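For clarity, chains are labelled A, B and C in written order, and residue numbers in each chain start from 1.
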Amino acid sequence: MEPIIRVDHLTHTYSAGTPFQRSAVQDMSLEIRRGEFLGIIGHTGSGKSTLIQHLNGLLKPTEGHICLNGQDIWADPKKIRQVRFQVGLVFQYPEYQLFEETVYKDVAFGPKNMGLPQEEIDRRVRASVRAVGLSDEMLEKSPFALSGGQKRRVAIAGVMAMEPEVLILDEPTAGLDPRGCEDILSLLRAYHTRRGSTVVLVSHSMEEIARSTQRIIVLDRGGVRMEGTPAQVFARARELEAVGLDVPQVTKIAHALHEKGVAIDPAVYTVEALQKQLLALKGGRAVC
Amino acid sequence: MSTMLQTEHLTFAYPAEEGESAPTAALEDVTLSVEKGSFVVVLGHNGSGKSTLAKQMNAVLLPCGGMVYVDGMDTKQEALLLEIRRRVGMVFQNPDNQIVANVVEEDVAFAPENLGIPTEEIRRRVDDALAAVGMSEFTRHAPHLLSGGQKQRVAIAGVIAMAPECVVLDEATAMLDPSGRREVLSAIRALNRERGITVVLITHHMDEALNADRLIVMNDGRLAMDGTPAEVFTQVDALRAMGLAAPDTVELLYGLRQGGMDVPLDALTVEDCAAAICRALR
Amino acid sequence: MLKDITLGQFFPGNTIVHRLDPRTKLLCVILYIVALFNAKSVLTYALVAAVLLVCILTSKVHYKALTRGLKPVYIIVAFTAIMNLFFTGGTPVADVWLLRHITFEGIRSAIAMVLRIIMLIMGTFLLTYTTSPISLTDGLERLLSPLKKLKLPIHELAMMMSIALRFIPTLIEETDKIMSAQKARGADFESGNIFQRAKALVPILVPLFISAFRRADELATAMECRCYHGGEGRTTLHVLRYQTADYLVLLAFLALAVGIIVLKHLGL
């Protein structure tokens, strides 16, 4: 099947021709498959922010192409706004973009820009506010009167309301406490299952990526470093640590046990999975 | 050992805002004391009162009921305000919103300048504070061009330049990426170990608590747990009831015990945990 | 993108012009302006221009940087020139059509005005190009400190200026981010008439203001935590001290200003 987005030899150079010239992305190629929940992971400076701003045409490639449904998005620069409706991008700390008097109006901003009829806007606003787990009585409240976690959900609803084919979120859990993180991640998983549309989660936390996504792309220094299912990527935990990423503690324990000669598969990333392996091992014969 | 910070039946409520009928209670009957030279971590959800507690520790907020003592000084005494704030330095969450000057050394010099310290002594303190957080090479840099972890280390240096006895970090790592967090934590640990500065680290990252001398858990404005990391984290059920999780190590050991394996609960680090499991499997 | 705007007008360097005390430079600019506005003849203009040229050359600031600084005022310069050209009374240049309105005096005063504006701007830009914003506010505070006795909030003003300078890059970066975020929701800043464009700015300005207030609030707390309690009893990391060079340069500019005024009264 044709990928929904194809990144083809993308290079982006900031401040070209000045002494500050630097390439944030260098000859990067990757694919985003239709309907998948993809995780993109990399530390600060790995090029992940630059990459995602290319996917909806906020940045223009210095070299290379971005194809959406097989079409180069820059084939007709006049249509770039259409691309932004098809590829929804939620920035880091999105609550800082809220500006309207009510939650309803703020969420309606995107659909309104699309020029949709009033009834359709109304339907989408209500549906997406519900999708992020907020009640209908929130609609008439000022977004600034909400708690931090609620504000973030309103901002995410604002992008969901455009009903994009691809939803990309840059560090949607940054700065939230564990409960807030889990709330956001579970609403994203539910959104993906319900709509079956493509979701891309960008993060520097291996833990949350592993628990939510079906496939992971690891970026490092402006290029793709690894690619595969969570299990495939976590099997190379030592390599991940070498590129400055934090591996979940449970993966570290599994690797430590594996190195001590315990016969387990170290590519785990949940406590339950490791627990199951170890208890099975104990039921059989101890190897150590 | 003597006491650095002490609260007695501390109660605090934020004044009612527009549209609210009653003031919002943030702290209720909190009694605790922090020993000089210790490394204390305060854990809790957003809204658990942990940041309010932090702001009580250098008189940014004053108690509604009960008392707060900093090094024996009552925070309600206005005449002692500057001395209290000099002794307890505070580092906040957003690095951008606490850097005052547009050259690193000027920013670090801000507090000593306010304290009226002679020029040569300011110079010495600035250089010393920047060295203590490993930022000496950035003395003449513009802060807005630094990374998050570097900015936060500059903010710590700005506090160290007051020669404080205690540093309170109010979710100072929440906005940082993993490498930034590591930078800040190792700088803070070094200050505690090498200079004997008391550290109160407020966070919602469990793993930052592993090396602490003491762990305090806040819940709904009350002190919920208080003890060594091993004592607190092994109370898995109580933590879960508050919606908090123990570190993976303890969660795993807990699960294994329930599955009938003979492992201890208090092996907090990855190495200890792996060793304990190995022993049990043998 | 907004980020590409070079806001730091300061070009670091290590020439004598860079090393002078900011107070000296501020005073010299004032004396220079006094001289410039009292220059009436070719001789006096030439004198002031010569001093400016010497300063530019010793500062090693590239002339392109100075002419670039003039760009935003080209319209004002042109407007002044035309006004002077046509609306100065005197002897017409010739008795044909437009030229009837142009007088010899008009030409003379147009040239004088244009030169004056250009030299004024170049002089002040030289100051900002060779002095860091921090030492500029520092120097300004020190120079104006006698006014504190009159209960004028000089320290507060200087503190406000330096904090504003500190936060300009941060707020520009923030504006950039908010713009991108709203563009991602289909906001359109590039088309429509003036009214529509102004309306399109609301989704940027509201979040920007809210964030600026939040920052101000947090910064105030952070400053209090670092024992800030106004200007009283404050010391500084960098102490300003006049050097011999400062006295000599000041003396030279004083001589220039006095000289030009004397020459003016002598009718030269």
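The rule we apply is simple: contacts are C-beta pairs under 8 Å (C-beta built on N, C-alpha and C of every residue); 3 or more make two chains touch, one makes a residue touch a chain.
In this text, all values refer to a predicted model and were calculated from it rather than measured experimentally.
*Asks:* Weigh A-C against A-B on C-beta contact pairs and write down the one with more.
*Replies:* Here the pair linked by more C-beta pairs in contact is A-B.
*Asks:* Please name the chain that ends up farthest from subunit B once chain centres are defined by their CA atoms averaged.
*Replies:* Most distant chain from subunit B: C.
*Asks:* For subunit A versus subunit C, what separation do you get between their C-alpha means, in angstrom?
*Replies:* For subunit A versus subunit C, the centre distance works out to 46 Å.
*Asks:* Just give me the whole-number Å value for how far the CA centre of subunit A lies from that of subunit B.
*Replies:* Inter-chain centre distance comes to 30 Å.
*Asks:* If we count contacts the way the header does, which residues on subunit A are in touch with subunit C in the complex?
*Replies:* Spelled out, the residues of subunit A in touch with subunit C are 15, 53, 56, 58, 81, 84-85, 88-91, 94, 96-99, 109-110, 113-114, 144, 158-159, 162.
*Asks:* Subunit B touches which residues of subunit C in the complex?
*Replies:* 132-134, 162-163, 165-166, 169-170, 173, 214-215, 218-219, 221-229, 233-239
*Asks:* For subunit B, which residues are in contact with subunit A within the complex?
*Replies:* 19, 45-47, 93, 147-148, 174-175, 177-180, 204, 206-207, 243-245, 247-249, 251-252, 255-256, 259-261, 270-271, 273-274, 277-278, 280-282
*Asks:* Help me check something: in the complex, which residues belonging to subunit C touch subunit A?
*Replies:* Subunit C reaches subunit A through residues 4, 174, 177-178, 180-188, 202-203, 206-207, 210-211.
*Asks:* Could you pull out which subunit B residues touch subunit C in their complex?
*Replies:* 58, 60, 82, 85-86, 89-90, 92, 94, 96-103, 105-106, 109-119, 122-123, 126, 142-144, 158-159, 162
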